[in-house]
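Shared between the two complexes below is chain A, which has chain B as its partner in the first and chain C in the second.
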Partner chain A sequence: MDITEVPVSQDNKGKKKKNKKPKKKSPEGNAESSGVEKEEEKMEKSEPGAAAFPPTFSVSEIKNKQRRHLMFMKFKQEKRKQKMQLKKKKKKEREALGDKAPPKEVPKTIENQRVFDETMVDPEDEEVAFDEATDEFSAYFNGLTNPKVLITTSDRPRGRTVRFCEQLATVIPNAHVYYRRGLALKRVIPQCVARNFTYLMVINEDRKMPNGMVLCHLPDGPTAHFKISSVRLRKEMKRRGKDPTEHSPEVILNNFSTRLGHSIGRLFAALFPQDPQFVGRQVATFHNQRDFIFFRFHRYIFKNEKKVGIQELGPRFTLKLRSLQKGTFDSKFGEYEWVLKRHEMDACRRKFQL
Partner chain B sequence: MADRSRLCTVWLGSETGILKGVSVTRKQAFNFCNTSHLSRDQEVRALCWGDPAESEVLVGSVDGTVKTFSTEKGQFTDSRRCGGPADGGFTGLALCGAALVTCGECGTLRVWREDSSEPALELSAGNNVCRMRQSPVHRDRVATGGKDNGLKIWDLQKPDAPLFTAKNLRDDWLDLRRPHWVRDLAFIPDSDKVVTCTGYHQVHVFDPSSPQRRPVLEVEYGEYPLTALSLPAGGSTVVVGNTHGQIALLDLRKGVVRGCLKGLAGGVRGLQCHPTLPVVASCGLDRFLRIHSLEDRTLLHKVYLKSRLNCVLLASRDLEDGRGAAGEGGSQEVKEEEEGGEDEVWDTMERVEEKPKRKTTEEEEEELQKKKKSKKKRKKGQD
Partner chain C sequence: MQHDDVIWDIIGNKQFCSFKVKTKSQGFCRNEYNITGLCNRSSCPLANSQYATIREEKGQCFLYMKVIERAAFPAKMWEKVKLSKNYEKALEQIDENLIYWPRFIRHKCKQRFTKITQYLIRMRKLVLKRQRKLVPLSRKVERREKRKEEKALIAAQLDNAIEKELLERLKQGTYGDIYNFPVHAFDRALEQQDAESESESEEEEEEEEVDDEDVGKREFVADEEVEESDLSDFEEMNKLRTSSDEEDEEEEESSEEEEEEEEEMEMETKTKASRSKGKSPANGSAARKKRAYVEIEYEQETEPASKSRTT
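The block that comes next holds the complex of A and B.
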């Protein structure tokens, strides 16, 4: 009996698919009422107002793909219609109330729902201020050293990486690109220190695309290892301006709020000279959102006091921190201050480290 | 101040020179600082109890001073100059009767008497010593180990030659000398044996009573240097931590990894197991103190302390027993004192309270649940 019942109603549905929903309900109700009493009772119990609501046939029970698709589209359209109606109603109510209307609800975003992080830095915290004042970057922030960056790659780089390095060298003032020649980093580092370099940047390459970056602050500073993604070279930028000039850019660091974020922010800040040349009107931005750091390089011009025009120059890329190691590059024996442990740390979507 | 220090059951030394006391029950951390002006010279490298009653903590700094902090009074009472900054930081502090035994990274082991400023005894334990520890059974025996410097057990009564010098491992299959780097060591309580953990991710057990000078047992864990070691009360297991923040429980009878403790994101600098409870405290470069339970390997407590931490010391009394000797009146007194306010630089940041923040997150959760319920109701209405 069950077997005979169901296809009948489905056929009804299929044939009458162009009809509106309320009309469908009555023939279905009839078909079902002629079935087993138990089933009737169950149906009635599950849908007290069966006449008013559409049947709880889930659309997925229809075996025919085309009909199922059509039913689903109808269902979605109905839903959308009801949503629009609700919106209109709300808007009317809001206008009617005028000033007394309740404040607009803020939509939930992952950034809004961020889990409270106890390592967020309080600007007035003296202990943290002392820690930062005496850490490895203090020489730079006290004005004692000027940044000098050595950019190199992993061994035998290919096209895209080479061009990326060259463009990075134009963006960062006082940067020099050197060919790697298969040298061991642990041997390169003492030579860099001897020549007064303050940063060593190694772009790692995989299948002709840059995919990783090791940024090592030189005298004895921390080493950060990043994953690079979405690299866009200058040729690929739309509506870009002319090549960047030799002026030192301003630096914008957005959203580096936790203690780890502070360390990384200082790491980036120390790449650029401390006195930006505003004549050049160039700005490098490191924007942290959801633990991804977005790098952009722009040229700006103030049209009047309220309007700014910006042109994007220079490469753009995204970084994600994989580990921060105390001391210069020593991946085997160095002590790590922070390591990304995917299965532990990425389990919660609302928890961020930087 | 005194009440705060009496509440603390866990003591930690940080890189900024601040001695931190944590009261686990009240989830509060307190900073105790000697001078009003911090400096990196005061970086704490070694901590140990000043007396068996655990009322004093000895704090060893990088510049060679050993300070005594009284937990009863809540302040630094004494400071001694034991060696200079040229010695490197302290790698071990121990108390032998009334004498203080110190060892620096350069390898000189010194015994200081109470009154004199010159060491009563001085011996050289090689170069590059990473750790010095005292045997809990024989109070005048100490063990040292370091980079390319094998385990040596010294008897302070006979300082000429070590009682036991460990031999390096056998040459490997290419007949090359195996590198050797002892990072941390501990004496196994009921016997003569010593457990060491190395920078080449090995854990060795040495038995001085046996004629074999090479390790009796060797266990490997992970791929990164093991930096800290601690023995829980049982006696057949050991807890090790490495530079990646992985902490593991190893079984010493079979040489097998029993389990790992999760949570640390930075290198482990200090590990200590509680003498009686199956609990282990770990601290490291990620600026957190974590207390794990050894039975089910869950995280019991986590406290954020704003500086990188170098060493940890647990009080023998119950961790949860935050009040100590004082009764209920004590807690009231504590509140009054805290509200009173004192002339300290760290007044504003001495308390790291998590309770109010917890409440706000709970409130938010309740609101979220309410919103979800209301949304569900709406959906039903639409259908």
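The block that comes next holds the complex of A and C.
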């Protein structure tokens, strides 16, 4: 008797969507019909208030998919409502306190949660300063050499890569583009050194798109291998300005914080002449964010002391460092300072190398 | 018994030969011991009981010979002779071994040997040249990297970062004397900005203040409009200019508007013009337009350009 009475009433209520405690209750409520009725009363009383689920109830235990879905939606709505209420309460408290309110909590971003890297450079670190005074770029930073860049591609470049190289050559002062003609890099390098080039840049191509860059500092400097992505040529850029002029641009290097980042930053800095011509009002930016280096080329103008307007000119692309090798390009026998090992390094979302 | 003709009759023309590959113009023979590679009566190793070929194994060439005497012993059918690495000597060896053999087979063997040595030489040369290494891309990884890059780009906020850096450099004086923003106006602007940032938290009040100021200003300007235009009071102009800039910032977010080479005066006229196009207090705009009227040429030129926005 008890058993037969309970399911009927509970089923009805389930379909009317008022039942917060459906069939699960039935085995528990089997003890006494009066007990069940009491609980039903309790249920009805508690309905107008907040939904009070018994602790052992879970939505996943309902076998009927439609009903389960309905219950889940309701559950979610309840949660959302609670969240909104909590927010409102907090806001009210905040306003009530006025000036004395505790400062707003800073949301967590990947940048603030970054895993502490022991190679982060301290600006006053003497050891780093000493190293940088005696490394391969010291000649440049002491003003002894002027950068001279040779830009070339892999074999048989297609139109897009060729145009990209040309645009790069306009962006970097004193850059020359040479057609590759199947030459081996190891033979090209001594010739470049003989002609006083300081940099060799090889744009690698795959399926008519540039996808890799080898940047080799010439006398016997480090060789960096990057992956290029999102290349935008000049004509694909919206609202761009006229072509860049011959003035040397300024360089902005952002967020190169670790030792590795520092050396890469110096690698980029040495591409451009030491004294930028402010008349030209051009700036090349290498911005590192989460191990992606974004390159942009802008022309700026100061409207007043508080505002500056920038207009994007030249090509834009993104680089990701794949390997850094001491010495000039030698993929077999070179000594690698750093290689991207995907399994180790990409495993943690909050760990970055540059 | 070996009946070559019968064999050829069967496999060559009428029935099936598993080594035969037919194309529109030509038939080929896939048998490894075939000397020319074509499906012919004279080239078929099955249909010729006396046959010879050249084959190479790991850079070494061998002469294979088949005679009718050994036709009954399939395991020992082919006689293998190692040829010397010297080209001429190897040719002599071939001649020596195939001394009384039909001219066709001798000729074809030598031809084949020549071809094989040529391609071996080329292989050795290629190894010394640049090797292209194909690196496979994993699609999943590429997709993940792409997404990470997009997120990083959003997080980077490049334009803001660049602008901030440039302003920093301006403040630190790396540009020297090129941009001569007047110093006391700068200070005044700073003061103004401080004042306004304090009141910024209460937006409504600020708007009212601004409105009040506007109301006040309008009246002031209207009363003394002639004097104002005659006055070249730099301070007044700067005050008005910076405050108009503040309002510009609030309204238009016009930090991106930009022309290339422009003098400051032109910029001022432009901001004034654009502001007057925005919320224009009637009297104030009249007064300001009057001032702009002085440099009407520039205004005409820059007006259409000022509408363009850059990112």
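One rule holds in what follows: the second predicted complex is superposed on the first by the 265 of 354 C-alpha atoms of A that agree within 3 Å, B and C clash if a C-alpha of one lies under 4 Å from a C-alpha of the other, contacts with A are read in each partner's own complex, and residues count from 1 in each chain.
By definition in this document, a residue touches a chain if its C-beta (ideal position, glycine included) is under 8 Å from a C-beta of that chain, and two chains touch if they have at least 3 such contacts.
This one's a predicted model, so the numbers in the text were calculated from it and none came from an experiment.
After superposition on chain A, the partners chain B and chain C are seen to fit next to each other with no clash. After superposition on the shared chain, chain A has more residues touched by C, the comparison being chain B against chain C.
When both complexes are overlaid on chain A, the residue A:Q82 reaches chain B alone and has no touch with chain C. Of the two partner chains, neither chain B nor chain C is touched by A:N174.
Legend: residue contacts after superposition of the two complexes on their common chain; A:T318 is shown touching chain C, with no touch to chain B. After overlaying the two complexes on the shared chain, residue contacts for A:T245 are found with neither chain B nor chain C.
Contacts of A:Q277 after superposition: neither chain B nor chain C is touched.
Across the superposed structures, the minimum distance from chain B to chain C, using CA atoms, reads 7 Å. Residue ranges on chain A touching chain B, taken from their complex, read 53-54, 79, 82, 86, 116, 118-119, 124-128, 130-131, 134, 259, 326, 332-339, 341, 344-345, 353.
Those residues of chain B that touch chain A in the shared complex are 15-16, 18, 31, 38-40, 199, 223-225, 227, 243-245, 262-263, 265-267, 285-287, 304, 306-308, 345-346, 348-349, 354, 357, 360-361, 382-383.
Residues 129-130, 141, 145-146, 148-149, 151-153, 155-156, 158-159, 161-163, 165-167, 169-171, 175-176, 178-179, 181, 186, 189, 193, 241-242, 245, 249, 255-260, 262, 267, 271, 308-311 of chain C are the ones touching chain A in the complex. Across the interface of their complex, chain C is touched by residues 109-111, 182, 184, 229-230, 238-242, 250, 252, 254, 278-279, 283, 285, 287, 289-292, 294, 296, 298-312, 318, 320, 342 of chain A.
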